[in-house]
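Should a chain be cited, it is by its letter among A, B, C, D and E, assigned in written order, with residues numbered from 1 in that chain.
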Amino acid sequence: MRKLFGLLITIALGVMIILALDKTSAFPKFGEVNLQERISNQYLTEENVEMVGSANIVTAIVVGYRGFDTLGEVTVLFISALGVAFIFGGTKQQRLDLKFKPNFMLRVGSNVLLGIILVTSIYIILHGHLTPGGGFPGGAIIASAVLLLYLADDKFRSNVKGFKLIEGIAGSIFVVVGLLGLVFATAFLENFLPVGTVGQLLSAGIIPIIYVLIGLKVGSEIAGVVDNFLTEEESA
Amino acid sequence: MNAVLLIVIPLLAAFISIVSKKIAPYLLLVVGLFNIVLLFFLENGLVFIGGFDVAMNSDLLGISLLLDTYARMALWLINGLILVIFCLNFKSYKAFSSILLLAMAGLNGLLLTNDLFNFFVFLEISGIAAYLITSANKKPVSTFRYLVIGAIGSSLFLFGVVVLYAMYGTLNMIVMIQAIQASGNYAEVILPFTLMFIGLGVEAKLLPFNAWVKGVLGHSNTLTGPMIAGVYAAAMSFVLGRFITNLFVFEGSLLIVVTVLLALGILAGDVMAFSSTKTREILLFSSIAQASIVALLFVNGVIIWAVYLIIANALSKTVMFLVINKATKDVGSDESEALRGLFVNNKLVGLTFTLVTLSVMGLPLLAGFVIKLNFLTQLAGIGQIVLIAIILVASVIEGIYFVRLIVKLWYPGESEISVKYNYSFKAVFIVIALALLVFGTYSTPLTKLDNTIDTVMEVVNNG
Amino acid sequence: MTFFEIISLVIGILLLVIAFMAINSKKLINSVLFLSALSMLAVVAFVLMKAPDVAITEAVIGSGLVTALFVFTLLSLKRRESE
Amino acid sequence: MIQYASIILFVIGIYGLFVSKNVIKMIVSLNIMEIGLNIFIISIGFVGGGAIAPIISSTQDLGLIFVDPLPQALVLTAIVIGVGTTALALAFAKTIYKTYNTFELDEMEESA
Amino acid sequence: MASVELLILFLVGAGVIAYILTRFNTFLGSIFTIFAVMFVFVSLAGYGFGMNMDTTVNILPGISFTETYLGFYFAIIIVFVYLMVSFFHPYYLSEYKYKNSYNLLFLLSLAGILGAFYTDNFLNLFFFFELIIWTTMFLIPQGKSKEAAVSYFGFSIAGSVAMLIGIFITYNVSGTFSIYQGLAALSGTNAIFVFVLFIIAAFAKLGSFPLHIWLPIAHGNAPHPFSPVLSGALVKLGAFIGVLALIRIAPATGLFTAMDLPIGQYVVAILGSMSIVFGTLMAIKEDDAKKLLAYSSMSHGGYILVAFSILNGIAFAGGFYHILAHALASAGAFMAIAAVARATGTTKMKELGGMIHKMPITYLAYLIAIISMAGIPPMGGFISKWLIFQAVIDKGMIFVGIAVFFGSVGSFLYVFRPLAALFLGQELTEYKKVKEAPLLMLIPTFILMGLNVYTGVFPGGILKFINNIIVELGYTGIEVSTYEINGTNGILNPALIGLIFAVGSGIAFLIFIVLKKSRKVELMDTYTAANFVHDEHLLHYAVDFYAPLERLYEKQSNWMTKFYTALAEKVRELGKLGKYLFMSKNISTTVFWIVAIIIFLLWGEVL
């Protein structure tokens, strides 16, 4: 009964929203967006693209124009990693018993795989301004490498302190780079390096630098979270 | 000097603080002071962030911050309060310093940002910081409830922002305001405004989106109580005020619904407080009513007195929650019966608590009275007699339960209770009570500031 | 109907069905797995709508990591129950 | 079509929060909401009729039609924020389980 | 000091000094308080009668004063009551929990009173009213009951709030907060609203039916020296608002008339007479002497309302005179009871008796006060009631007339009861060591006795002053000479009546002296059907004093109290409902509200 009622009113809500959006003339129909009416059009002008030097316009926006959002986003991840560690408590912890014993093959295989994964992630991060990808997926892939280590070896504990250090330092450098923008240019997080040619690896000014920092930070943060989820208090 | 430092420096400090836990509390102190001092040197205006060549670029491509007198007052209040509250809890809640730094950054960002999506990001930062702060209550279910409701709220807010972006093609608040005013079709923006209003309403404790408040503040301690009821409530009220006065256009059915909700919030808040026997519940329900009053004032365009009301409330609620939560901790119960005679041996604390409560009730000689009378006068000037009647009827109920509480706290029951307050607590209480007393008897500075508070549009129009 | 429309129709319906199943499934682990599937479908939707950046991020973070976290949480619960 | 589906997906997430009493289910519902919202955001930037992803190989490509890159940037951020919230929520869920030995909110005795 | 502003500042400063002095020595602080109040009284009396107060404001921000006969009349009466009461402070304060703040709050509330009656601005008026409320509100819980403060505060604040809404309606109509311009600008529906709201305020503060239940609670439980202030002084604030509403807004409510009166005034008169009747009935059955007097205050408030709702000079004269007479009488009576309570520790009539032997002067003060209350010559109460009777009879208001006469007769019944129970009858054993009140407390007692008699015998001067107020309000005054008052139905010569009474009492006193004294017997010295009496209290004749009368309306007696208790209970239940609806532990509830609100809003847009 309760479920039916809930379904009814929520579906009604959905229908209402759809109808309201349909009725709104200013809201463009799906697929009929006119970019000329939007601010994004200006991201795609030739002079702006050349000024940014990033082939991936999304990256240009994420790290360049809206780098402040990204700083905030990294902060969200940072604070949730901090929070997870905080909630689970800083007491001595041991590995969670996963109830399956990884065999030799898995261990060796995972070590091989680890190398491949890490190389991939570095590639993804460094080419963030050229191809899809970038710091976030790259960082997450680094974290998944750590995760693999955890799964392959039931005694494995990574160096959480090290993660924290990377996290803190990468974050600080991010901010410092932003502040350098304030010093060498006029605004926080403004580019102060030469941008190079669009489409080349060494281009786009500070974007690759920041993406590397983001990758490191996201990777270490998520790895920290994973560590927290895979451990528990000793006495338990 | 750049307003972005207000956000970035706490962030930087937070990042550093994780490397070395020991310096974290001191970093918070330094950064808090730095922010307060920095605010004196900053100029009003827009600050651009990111992008490539700001001078060449159209500045709307990136994110910008807006510092005006409104934001400045809010920032002073919030940074100062965080600093004070942390100092008072320095020993017991040291571990929270990183989180408080992030909360500071998040709240400063909320108040400064001029970009809707950026606002969402800061909403999440400050929100998560709030969830973590409330985890100090050791009531995970309440915190979880807060988290879920907060997540719903921010999702709705983002939904609204995105719909607005689809309609007007920008995320910049100022451009958005101009675009909406230019289009002039207010019926079309009902959906995004409703969604955004609800999203903000969750954090700003507006009825009926505030079910989390009871669990969170009902079990609060000396850190969470003042932080959530003082700092966060003030910040969210300020933010809500900015959105209501600048962005939202409440007309027709939306105006009616919002007004009804807020009026209901005022009445229900006070009625619920009336029916509570637990002191913390009384305080939290009263703060729900106050938040609704503030929002109602913003909806009716009474900006300056709403700002003062926010400030007065934040200060008052900080004191009240500190007093009650400390006592609750020592006594072990927050039933008003159990706290009978709390002030018998703490006359000074009792006096300040009484003064502060009188200010919240809006009785003369205290700031609350001046503020209440002025905003009521302005409401009367625009003919909102019904709203005045609602606010005043609620204030009768409020008066009754507060008097009941005060009398109970002053006169002992069967057993004596002993609660010790530190000198630092007492100092804060006295300063706040004196400030309320001074501005209550000498209100000329308040009326003078009236003209210097400007809205976003005015800042833009003046360059 | 173009190819795009057909695909999007299928994905749309699948999205809704899987979401519904995720909410209504009895076992928590199924719920989580449906969520993971939903995430993968979203990846397809992102690709379809020409958002490769988002698709990669969603695939790695949304589908991979979030599922892992859910599973770890449930694992610790399983262990506790068995004790 | 996908746009409508995304809105309904969002609403189903809300439905999930309405009906479920289980902590994990609630987090799942939140995630469904977020996925729906993310698809919706991308969908408002989608340009039909052969537009391409906003990635160029050189500046010559700029004459082509692109989809709106800004929503994609927003979604990137939103996804990561979603993960942060989810991780935190799960952490709380684990704590709740530790305290009450259940995930069902109805079975907990904590006063509101 | 002739400046109102300086007087107010002086009182605030004096309050602080009194606080410090009381902290070190209660007696010293209280003596200081007496002098502070005396200074204010003397200043007011010295300059005020001739309208020579200085009303300029230099220091206080946003406050403006003006001088009116009306305001001065109220101010001088209330300050006088304060002065009388302050003489009691040295003997009472030391028992109180927070004695230091007692004098401070006492003086602060007096500052509020001065401001309230001298201001010409509605917001200032509200400011001072609120100030009075909260300062006095903190004095009440020092007495017996802590809940009494809540009750007092609740009704007072409800009254102020009603007034404030009325003020804002006035402001909205007229654009000014000036009291006299604002009220003059009202017309039509707005005037009716403001009238009703002001009347609510007046009723709440005056403690008139149906907003009366706080009176017995607050009066009965307040500290002994504060009850006279409440009854003699603070209640009169309601009368002040009543005057504003009934007379200043009067023309506007003249849409319908009844008995030549605007319907609003007529209704107020009816309610006022109900106040008289209920107050009297409740007083008759009350056992606590202070509560009894509280109910009598309620019934006297009714007289005041009736007087002001009959719009002519004689009635006004009666009303204003009654304010004075009742202030003096009730202050006298309450103070007498306070003196008894100080000596014995109780105000319950059952537990007292025979105090005349121990406290003869207090007895005399009480006797004179109640004679005035009952409206028997030669006391002040007689003059005012006589004037009110005249006005009521002239108007031919039958029900009101009956009520007024009933109230008068009832007064005999109830004021006699404490007289008999407290002072007459057998002396109880536990009070052997009781002594007469100390000299300092006897000073105000004597003054009040004198004034009660003076107002009854020589009302001419005072009535002439009252004529000023009536003229100020726009009506014609009454004809009065030094010894005679001209009513519509006859001429009253109070001095002559006073003389006759004096002679009569003299003769009676002579007989009392000359004839043989009655024999004193112990209370237990009695013979009751071969039973030995164990409990002397059952023999006390205050027990079941008016038993047959009480039985008539026993069951109906507290229905108003029940009503308000039920109201509070309803509010509480509403709060529980609110918690259930909005503060549920279930997240579903919040989700439901969000969904419902969005659907509701979109409904209008989509369909």
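One rule holds in what follows: a contact is a pair of C-beta atoms (placed from the backbone, for glycine too) under 8 Å apart; a residue touches a chain by one contact, two chains touch by 3 or more.
Quick caveat: nothing in here was measured; it's all calculated off a predicted structure.
Colleague: On the document's contact criterion, could you list the chains that touch subunit B and likewise touch subunit D?
Modeller: Both subunit B and subunit D are touched by A, E, going by the contact rule given at the top.
Colleague: What are the mutual neighbours of subunit D and subunit E in this structure?
Modeller: A, B
Colleague: Measuring between Cα centroids, what's the chain most distant from subunit B?
Modeller: Of all chains, E has its centre farthest from that of subunit B.
Colleague: Which chain is most central here if centres come from C-alpha coordinates alone?
Modeller: B
Colleague: Farthest from subunit C in C-alpha centre terms, which chain would that be?
Modeller: Using the mean of the C-alpha atoms as each chain's centre, the farthest one from subunit C is E.
Colleague: Distance from the CA centroid of subunit C to that of subunit E, rounded to the nearest Å?
Modeller: From the centre of subunit C to the centre of subunit E is 75 Å.
Colleague: Can you give the whole-Å distance between the Cα centres of subunit C and subunit D?
Modeller: Centre separation, subunit C to subunit D: 10 Å.
Colleague: CA centre of subunit B versus CA centre of subunit E: separation in Å?
Modeller: The answer is 43 Å.
Colleague: Would you mind pulling out the distance in Å between where the CA atoms of subunit A average out and where those of subunit C do?
Modeller: Comparing mean C-alpha positions, subunit C is 18 Å from subunit A.
Colleague: Spell out, as numbers or ranges, the residues of subunit B touching 2 or more other chains.
Modeller: Only 117, 121, 124, 128, 131-132, 135, 148, 152, 163, 165-166, 171, 190-191, 214-215 qualify.
Colleague: Two-or-more-chain contact residues of subunit C, please, as numbers and ranges.
Modeller: 51-54, 57, 61, 65, 69, 73, 76
Colleague: Using the touch rule from the top of the page, what residues of subunit D touch 2 or more other chains?
Modeller: Residues 1-2, 4, 8, 10, 12, 14-15, 17-19, 26, 43-46, 48, 53-55, 67, 70, 72, 74, 76-77, 79-81, 83-85, 87-88, 90, 92-95, 105, 112 of subunit D touch two or more partner chains.
Colleague: Taking all chains into account, which pairs touch?
Modeller: Here the touching pairs of chains are A-B, A-C, A-D, A-E, B-D, B-E, C-D, D-E.
Colleague: Can you name the residues of subunit E that touch subunit B in the complex?
Modeller: Interface residues on subunit E, with respect to subunit B: 61-62, 97-98, 123, 126-128, 130-131, 133-134, 137, 141, 146-147, 149-150, 153-154, 157-158, 161, 164-165, 168-169, 171-172, 571-576, 578-579, 581-587, 589-591, 593-594, 597-598, 600-602, 604-605.
Colleague: In the complex, go through subunit C and note every residue touching subunit D.
Modeller: My answer: residues 4-5, 8-9, 11-13, 15-16, 19-20, 22-23, 28, 31-32, 35, 38-39, 42, 45-46, 48-54, 57-58, 61-62, 65-66, 69-70, 73-74, 76-77, 80.
Colleague: Could you list, by residue number, the parts of subunit B that touch subunit E in their complex?
Modeller: Result: residues 145, 148-149, 152, 156, 187, 190-191, 194-195, 198, 207-215, 252-254, 257, 261, 268, 271-276, 344, 358, 363-365, 369, 373, 376-377, 379-381, 383, 385, 388-389, 392-393, 395-397, 399-400, 403-404, 407-408, 410-411, 442-444 of subunit B touch subunit E.
Colleague: Going by the contact rule set out above, which residues of subunit A touch subunit C in the complex?
Modeller: Residues 56, 58-59, 96-99, 124, 132-134, 136-137, 140-141, 143-144, 147, 222, 225-226, 229-230, 232 of subunit A touch subunit C in their complex.
Colleague: Inside the complex, what are the residues of subunit A that reach subunit E?
Modeller: Going through subunit A, the ones touching subunit E are 6, 9-10, 12-13, 16-17, 19-20, 23.
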